[in-house]
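The following pair of complexes shares a single chain, chain A, combined with chain B in the former and chain C in the latter.
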Partner chain A sequence: MSHVVALPVLIPLLAGSISLIFWRSHSAQRWIGVIANAALLVASLWLLRETWVHGHLVMHMGNWPAPFGIVLVSDLLAAIMIVLTGITGLATALFSLSSIPREQERFGYYPLLHLLLAGVAGAFLTGDIFNLYVWFEVMLVASFALLILGGERAQMEGAIKYVTLNLLSSALFLTAIGLLYGVAGTLNMADLAVKLAEVPPEQSGLLTVIAMLFMIAFGIKAAAFPLFFWLPASYHTPQVAVSALFAGLLTKVGVYSLFRFFTLIFDQDVAFTHEILLWMAVLTMLSGVLGAAAQYEFRRILSFHSISQIGYMILGLALFTPLALVGGIIYIVHHSIVKASLFQISGLVYRLRGTYELKGLGGLFRSHPWLSILFLIAALSLAGMPPLSGFMAKFIIVRAGLEAGAWVAVFFALLVGLLTLYSMLKIWNEVFWKAGPETQHEVPTRGQSPRLTYYYLPIALFAVMTILLGVAIQPIYEIAERSASQLLDTRGYIEAVLGVQP
Partner chain B sequence: MEFLMASLVGILFASALYMMLRRSIVKLVIGLVLLSNAANLLIFTASGLGSGQPPLIPPGADVPVGAVSDPLAQALILTAIVIGFGVLAFAVVLIHRAYEVVGADDMDQMKDTDT
Partner chain C sequence: MRMHSLILRTAGHFLLPLLILFSLWLLLRGHNEPGGGFIGGLVAAAAIALYLFTMDLQAARKALWVDPRNLIGIGLTLAVLSAIPGAVLHGQPFFTSQWWPMTLPLLGEVKLSTPLIFDIGVYLVVIGSVLTIVLFLAEAEE
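This part shows the complex of A and B:
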């Protein structure tokens, strides 16, 4: 029993409660946000270290033994995702210090932020599928409220689509849980892995149907083709700190669930399920990047690129070789960092120029050269230029694809990389390089703090991280490699949770 | 009984999806209500319909005697109902605010954020 597993859930929940106590004091809430997220990052690194040493950490809630009670399990994939939660959480808390308008802090921005992080951390750590559903709902309710904070027309319109499709996904998830419980009679993930291996062959068709239901439910959450339409309709509407958090972290929860379910639980019919995942991945990459090419609004371009990058992660899972899973995991890390950074840069540009439309922007390279360089680092990393993190992540996935002989997927992965570069250069030309427009937009300040330090700080930290991830990938690669071997060989997970040899 | 319940779940899912495809946002929310009810009934049916005893353990024994109903499915449904209720309350407030801001009950007039 190791109690460190519960810390990443408890810290945000506690911080959210304390923020509620300081409901009227917004400066207290701001600094609670920073301190709690720093603590979350420290706890997550501790969890990663402990998991690296022990392999799997399990905590039985209420000391009920495994298949009967709820367990929190940390394997290396979960620990990596928790570290990402800590990183994006801290970056968002810092970025919020000066970017969230004062009138919106009154509506409980910080308590909702903590609740969202608690839900995300719970979803990563739980080892019980119904508990996963509950954490999903915690996360969703917090994200609904963050999405509509401010109550502008675009936010309402985006939120209706976001809420509807995510509730549809939850209902499908719940349906699949019910059917799976009917077949296997258990909800514990490790126990399910054992029980489903013993299911008689005449029921294997039903299992595939249930697997497809889960795939659709998580595909909606992850914004995979053809289920992504809620994402470009909503991600560009909230406060930009919220957009950055959603794009950096929230869609990854869906991807993580796909990784968890289609390695641990549904590995009976890999030829069928992972073939579907493969085509889903290819079409997600392609449709996202083509959607982005047609856009001329900073945040809409970035939203569409989120979709296309999700495709690479699913491709890593679909190829289902050790190297491909390593690539998928590194891609998740890389994309969280880079996409959150790009959204934050778009927020800073909005703060400086008062618009997200590429037509109305320009001349930022002359006036803000350092910002331009930070953008260039993140944008080139997203497109996969060496020596940045995107290059390593794409390289590993493409290499795995070549080894597995998935020529079509490799071709599209490379083509999409090229088109991503086109999109990023479009932003570079329009926002930074071309001469500025003659009429400047009125820059709305809306009671935000006048200093830009807390805009630059997380963006610069993200830039350092993406460079480090590119040039010194060895330690991360080793963690990802061991994580991939844990995912492919589920015996360790089952033994750690149930305490018996499978 | 299973056949009846399965048909009911099917009808509920079909009408939920039909309502969600309508243009009116009020009907959209009705669709969401039906959807969560359909999922709950499905859990109830899939976990086995039987007229067993209540799952009580007699004094002195470690396990219940004879065939008992599965209490876990009902616990799951109860949790799902509570969560569904909370989310639904949010959805109702959301469509109310959306109606105030947009001034229409029509999804076709909410296409500004689409691409």
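This part shows the complex of A and C:
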């Protein structure tokens, strides 16, 4: 048994409590944020290594045995997601150093950030459905608060939609948990995988209903079609560091839960459930990208693209072949990095020019060529240009789609890629290439140019990562491949949690 | 905020220590019987709130002698730290309960344990968060 499984949850929890003790000192909180998130990243890499060597890592919390107590389980998918949590967490902590106003630090920005990360890590690692629900709530409470820090009118408007739809999702989630417990008498995921396989066929209709409830609940969290409109209404309103964290990490929790549930637990009626997932994926891709085409605000465009990219990940799950799952997992990794980076770039542009409206921007290529190149790397990666990470991710999913004969889905996946490119080029033209507006004014940097380092640092690191993911895909591909085979063959997971089955 | 009632004011002076004692009793009793950190914390917070009504804001702050916001952080840290002894000392999973029974003069056998540390943490968090809100509202009213 290895203690590293619990560290990704424990580190942010401890960091959050300690930064609450230092609530008077802003600089102490800032550096606790950086140090704790660096520690989280190290712990997550260690976890990935251990999981790669040992297969599954399980910890029975409080030493209570499996189907009764709560277990933390790390398989490769969970470990990959935890590494993403570490990367995005550290990038956000660095980016926050100079971008978060003092006023918001005073209202507990850093403790909330740690709480959010603890919730996300807990959701990735838990092996118990009710515990997953609790982590979702922890995450939501923290995200509500982060969303309205600052208290502007637009923030309140976005937060109301966000809260309402997420509460609806939580209610559905809880209903589904209740029904599932009624059918199976357990909520431990591994135990469920065993028990549901033995459910008599006349009850399988009920199981499908429960599966659908979970699908809708997680679909809302992941911002999938049709209940996605809370995302573009809210993601452009908070501080950019928060937007980047939300877009990079938070929606992935919904996607991760779909991956976990529809491989481990609900694989009885694949023909039905995964067909629905397929259409959900196609419509999500399409509605997101079409929504983005009509937008002329930097962060709103990015928000709409988040939705369409979620579609690709769900498509990977829906095709349900080993290659498609590999594609889905690589897509999650790619999108976390690129989308967080794009949001941070929008924040830096705002810092330089004081607006997010494309109309009021321009000429940045002339004044900040390096920033423009960083944007171009991230944007082209998002649109799927070789040799960047987006190309590999899209290529694998499209290839899997062709092999599975899902022609319609493949057609839309390629079309959406093209439309994404259009959208990214629109931003490129308006913000960087065209001449600046007549009344352009450089927002005075108030002699703080060294502090811009903390803007550039995470963005540059993200750019390096997306290039590396595209050029040197092999190690990540191998991890994703073994992770996909773990997902498709659930025996390893069940044995690791429950002990060897008789 | 202050209520001008002689009875309430006189009773408030006597009730504050009694209620705090009662909350500690609830906290310690909680492991095997109804009670615990959460309910104990609520009673303690109610005691301070009652004192606030009978006296005034300054007196209530003085009776608390520590900023409630500090209590939240300290309590949370204690609760999280209670997960660790079992893991470090015996290599058990996090949150495994550790028991240190000892015999004290007068009291007899006393069981110190990590659940107690966790409960004390919860006690402090509840006092801290309730009183942060109450004192903030009282301040806003003044």
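We adopt the following convention: the second predicted complex is superposed on the first by the 491 of 502 C-alpha atoms of A that agree within 3 Å, B and C clash if a C-alpha of one lies under 4 Å from a C-alpha of the other, contacts with A are read in each partner's own complex, and residues count from 1 in each chain.
Quick note on the criterion: contacts are C-beta pairs under 8 Å (C-beta built on N, C-alpha and C of every residue); 3 or more make two chains touch, one makes a residue touch a chain.
Note that the structure is predicted; figures quoted are calculated from it, not measured.
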{"item": "Chain B versus chain C as contact partner of A:3, first or second or both or neither", "value": "second"}
{"item": "Which of chain B and chain C A:16 touches, first, second, both or neither", "value": "second"}
{"item": "Chain B versus chain C as contact partner of A:477, first or second or both or neither", "value": "neither"}
{"item": "Partner chain in contact with A:31 - chain B first, chain C second, else both or neither", "value": "neither"}
{"item": "Which of chain B and chain C A:179 touches, first, second, both or neither", "value": "first"}
{"item": "More chain A residues in contact [chain B versus chain C]", "value": "B"}
{"item": "First (chain B), second (chain C), both or neither touched by A:61", "value": "second"}
{"item": "First, second, both or neither for A:295, with chain B first and chain C second", "value": "first"}
{"item": "Sites on chain A touched by chain B in the complex", "value": "130, 133-134, 137, 140-141, 144-145, 148, 151-154, 156-161, 163-164, 167-168, 170-171, 174-175, 177-179, 181-182, 187, 232-234, 236-237, 291, 294-295, 300"}
{"item": "Of all residues in chain C, those that touch chain A in their complex", "value": "69-70, 72-74, 76-77, 79-81, 83, 86-87, 91-97"}
{"item": "Chain B - residues contacting chain A, complex", "value": "20, 25, 28, 32, 35-36, 38-40, 42-48, 72-73, 76, 79-80, 83, 86-87, 90-91, 94-95, 97-98, 101-102, 107, 110-115"}
{"item": "Interfacial residue positions of chain A with respect to chain C in the complex", "value": "1, 3, 6, 10, 13-14, 16-23, 59-63"}
